[in-house]
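The structures considered in this document are given below.
Shared between the two complexes below is chain A, which pairs with chain B and chain C, respectively.
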Partner chain A sequence: MVITAKGKEILEIAEEPEYVMLAKVEDLKMDMLRIVEEEEIKKIRLKTSDEATFEVEPSILKEMKRVQSLINTEAIDTSVAIPLPNITSRNLSRIIDFCWEHQYNTENLEEFKGRFLKSLNHQELKELLLAANYLNIKTLFDFLCNSFTDLIQNESPEFIRDFFNILNDTNSVKSMHAPAFQGSIDDD
Partner chain B sequence: MSKIEDSGVDRISKLPDEIVCHILSFLPSNESTATCLLSSRWRFLWRMVPSLHFDCNTSETYDHVDNFLSLRATPIITRFHLNCKNPCFCIPYIQKWVSKAIHGKVEQLNMFLCETYHQGFMFIPTLFTCTTLVTLNLNFSDSVYLHVPPSVHLPSLKTLQLDSCLSLYDFKKFFYGSPSLELAHFKQSPRCGFLPELVLKIVRSPRGIIQLSHANEICAIVIECDDGYDFIRDYLEGDFEKYVKVKASIVVHDTNSKFKSKFRFKYVHEYVFVTLKRLRNVELLSFSDFSSWTKYADYDEEFTLDDLPIFQNLVKLQLDIKDYDSIYWTLPTRCPKLRAAARDNRSDVNKDMKISC
Partner chain C sequence: MDNIPEHIVWEILSRIKKTGDRNAVSLACKRLYYLDNAQRHCIRVGCGMDPADEALTCLCIRFQNLSRVEITYSGWMSKLGKQLDDKGLLILSNDCPLLSDLSLSYCTFITDVGLRYLASSSNLSSLRLNFTPRITGCGILSLVVGCKNLSRLHLIRCLNVSSVEWLEYLGKLGTLEDLSIKNCRAIGEGDLIKLGHGWHKLRRLQFEVDANYRYMKVYDRLSVDRWQKQHVPCENILELSLVNCIISPGRGLACVLRKCKNLEKIHLDMCVGVMDFDIICLSQRSSNLQSVSFRVPSDFSLPSLVNNPLRLTDESLKALAQNCSKLESVRISFSDGEFPSFSSFTLSGILCLIQRCPVRLLALDHVYSFDDVGMEALCAAEYLESLELVRCQEISDEGLQLVSQFPRLCTLRLGKCLGISDDGLKPLVGSLKLDLLAIEDCPQISERGVQGAAKSVSFRQDLSWMY
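Moving on to the complex of A and B:
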């Protein structure tokens, strides 16, 4: 597109300049080199409840504090897969995905997190939360808890009861024990 | 507790108490407290929530907070969040709450104080030596000045966000006292009077990439290094000689529209020249200038080629210059080792401009 500004012709090119592309290719190469380097380090195998085996690299494993402490305390034979009876293969692959993105995706992590959440229904969210708690992955656990909070914030008691599957048995209790804040703090 | 819950088909509907408490800890305390109405199991659950989260704007709030604190059943406070619109009322209580949070092994502390409070604000000194603190976010209005004690020691601190009336000198105390820092964001507000506007962002990624961005009203500077040289200390101390294996990028804003005087123009570019001189040892440089030189053509005489430093190590240069009159077009001639130069095609008026390679 040719536009005229201040009497001079300025050529606007929609595509990215060539050097930017070159830089991206270079970055990609660097990333691939890093990945190759990491592949040489010994991976650890994890076995899920449905008998699927995953090979996980140490940098991801580091996030799973529970597995890490298992490896550290008992001299585990790395040729044998570590059993994780509480985790399904579907959840483990999600967890590995999340941990990977959390470490390597510095630019659009938020975008990934949004996509990640969208792909889960409430039930899957709960399962994943329990899995994250079991494996003791702080980043994922905090992220999921925070997402839960977003879901229930400003919702009616009925919605929350439904959400957590709570049976309402409190009609008699309500008047007996008043909460510390009786809705007196102004909501913005 | 409830038979119906236990016999339900949905085996994980009943999350363990600790997890529920952790979820509730992200809610404002008044909302987490309100969950006591949900069921008999939830009646006392809020007392175990490991967080304090208050948004207050009336003086009555403080009595409720005290009430709330006395009813809580756990000393643990992982997260402390205070958003106060009227710090005049709040100040006497803040010390007490913060000290409770520190005793409760606080990991995340967010504090937003707005409105005017014309006095220096001093936290209890133990906050600056809190070993559990991982995230600290202080956002004070312009008139609240924060006193920082001479020694800061926050061994676990990873994220620091300071948007308050704090000088760079105070920020340095935080930076040097927090060895595990991964992300620091520091904003110096211009309305503090003598302090110029400045936004400093430091990122140390676990992969060993260190990035610093320094933005003020004149230009934005980004320096990145991925070979493990932690240049931040040198930067804060003004020691730029060692900057060789770094990627630097400078963007000069179009300040002409904002400041219409020629004097301003000169001041801006003197600053840019000094910045370029500081970065003269780098190997990679990206330079963008969005100011219009044509308007102040007579300044060409004041800024001569010799004022530009010689870039001894520079091998790759990237230019994006709006105005064809700009002196920065001569940058390639100041780089004896230059191997690759590129221009952003957006300002293509200079198509004939020879770029030396």
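Moving on to the complex of A and C:
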């Protein structure tokens, strides 16, 4: 956040004489360094619904947009753990795992994702999706959404009902049995 | 499902692309049904619509956000019910407010009247007509007058589109970016000049002449002459594809060839009369060229040209190699067998391209001059990722065995090659060198021989081409 604000500043000062600009850019660099340094020290603690406390690195925290905005907007006392009432410790450790791998595992990320997915049953997958949504972690959210679509690929409506645990209420909608489609229009 | 918030379900659903999957999901429950309705932006329908008007109305009411509609009646028989006609197009223009991309194939019942209805679809930006024999130039004119945002127009086998006032109108409007005219017998090369200032906006042009109507009518020859006098602002074309055209030196489309400054892709297929000079000019002007594809007439298919200078030789390839540093895709094919004594492109020209340009894809069809020596040279092709060899009969197992030494190759396709057998593939077996190996109709290669030769292997054999 701070950095984007500074980024704007660069644009605004672009019209000033060159020497002023250079000085400001130097300042900016120092600022940024300071921010990085500060963040390196600052580990934030998160408290899950089952009262477990996690110490999380700033680089991981950055992925959790919701927590990040909490830290940025409210003057939260970072010495106290931030409560996350919607998330269990089990899920939070999974999430941290995922974010960690996503950031640092460049070689066999796909392999990790495969393993990660295999370790989850449908219910856990759903819970994790809600957690990713709550914490606003885009990478995990996208990954889980795509996993859901993969799981219901080539399946029947009955399977999908079972999968999502939904009741069949379709008989009352007459128009639902519209003419057959011949196939999808594939994108170029 | 009930406790998942709406926007998450929306996200999941929006990632389902296959129509079959979408249909299944929409039939699971009401909530998913309505969500799917709102998310459907494109449909493809055709013979299944019976009666057509009612079905189309239902679809338009159900899917309020449709923007892309494809109606195709390929394989239609009268027992499948009446085809969609002009009334259907009226329904589309009335009930499908967001329609921007419409494609009509084998709709033999629609006429100019229907196109006039469509003219009121103000969002229409792309229209594709494939074999709609009752449509004439008048219909297209009335459509382009109404649809001011038309940026893509494809006419394929529209046999009765003869007048081209619409082309003139589009030229004045200046919105057209993508024009494709294929096998429309009544539209000649000379007509394209009517686009006038519209050329300036054009990004992609495909022009294909019906091979049987290759030789132009007299009036067409006259209009081609106009090209020399009139300025054709074709600098912004990125992609040009000409098929079966007769290109006369310095006239007609040859002018375009030499002037395109920003061309990225060019495809010349059976264009008689293209000269080295055209390609040399092109290579000097279009430094952005990334993809070239030449399909040249063999010298026997047009006997009068045996001693004719109007053909492409290695000079063209050398000019491309020298001037186009971004060239990454090269396709060369001879239409009908090529014999060494007459061959226009030879090994040295092809290798020149490989050595000087970052060529990632090389596809050769019927190129007899490419032999084991060529394969050996590819061992030094540091960018080559994909190689396609069809009917390259001079390549033997010895040449094929070198494939495992090609530094970056991951896709290999071989078709109708007589000189290679399972032995040639042996070094590849178990090596995991290739991601994909596709073998088609090679008589000496067996299904067993290809097993394990790549991460993914496809094998097909139909030898009827040999007899």
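Everything below uses one rule, namely that the second predicted complex is superposed on the first by the 133 of 188 C-alpha atoms of A that agree within 3 Å, B and C clash if a C-alpha of one lies under 4 Å from a C-alpha of the other, contacts with A are read in each partner's own complex, and residues count from 1 in each chain.
Basically, a contact is a pair of C-beta atoms (placed from the backbone, for glycine too) under 8 Å apart; a residue touches a chain by one contact, two chains touch by 3 or more.
It should be emphasised that the depicted structure is a prediction, and the values quoted were computed from it without experimental measurement.
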Contacts of A:Pro85 with chain B and chain C, given as first, second, both or neither: neither
Partner chain(s) touched by A:Thr106 [first = chain B, second = chain C, both, neither]: first
First (chain B), second (chain C), both or neither touched by A:Phe148: both
Touched chain A residues, chain B compared with chain C: B
First, second, both or neither for A:Ser156, with chain B first and chain C second: second
Partner chain(s) touched by A:Leu167 [first = chain B, second = chain C, both, neither]: both
Which of chain B and chain C A:Leu130 touches, first, second, both or neither: both
Overlap of the chain B and chain C footprints on chain A, listed as residue numbers: 126, 129-130, 133, 141, 145-146, 148-149, 152-154, 157, 160-161, 164-170, 173, 179-181, 183-185
Residues of chain B defined as touching chain A within the complex: 2, 4-5, 8, 10, 12-16, 19-20, 22-31, 33-43, 46, 54-58, 60-61, 64, 67-68, 71, 205-207, 209, 294, 318, 324, 340, 342-349, 351
Sites on chain C touched by chain A in the complex: 1-2, 4-5, 8, 11-12, 15-33, 42-50, 55, 58-59, 62, 68, 70, 72
Complex contact set, residues of chain A against chain C: 126, 129-130, 133, 141, 145-146, 148-149, 152-157, 159-161, 164-170, 172-173, 175-176, 178-185
List of chain A residues in touch with chain B within their complex: 6, 8-13, 17-19, 34, 103-104, 106, 123, 126-127, 129-130, 133, 141, 145-146, 148-149, 152-154, 157, 160-161, 164-170, 173-174, 177, 179-181, 183-186, 188
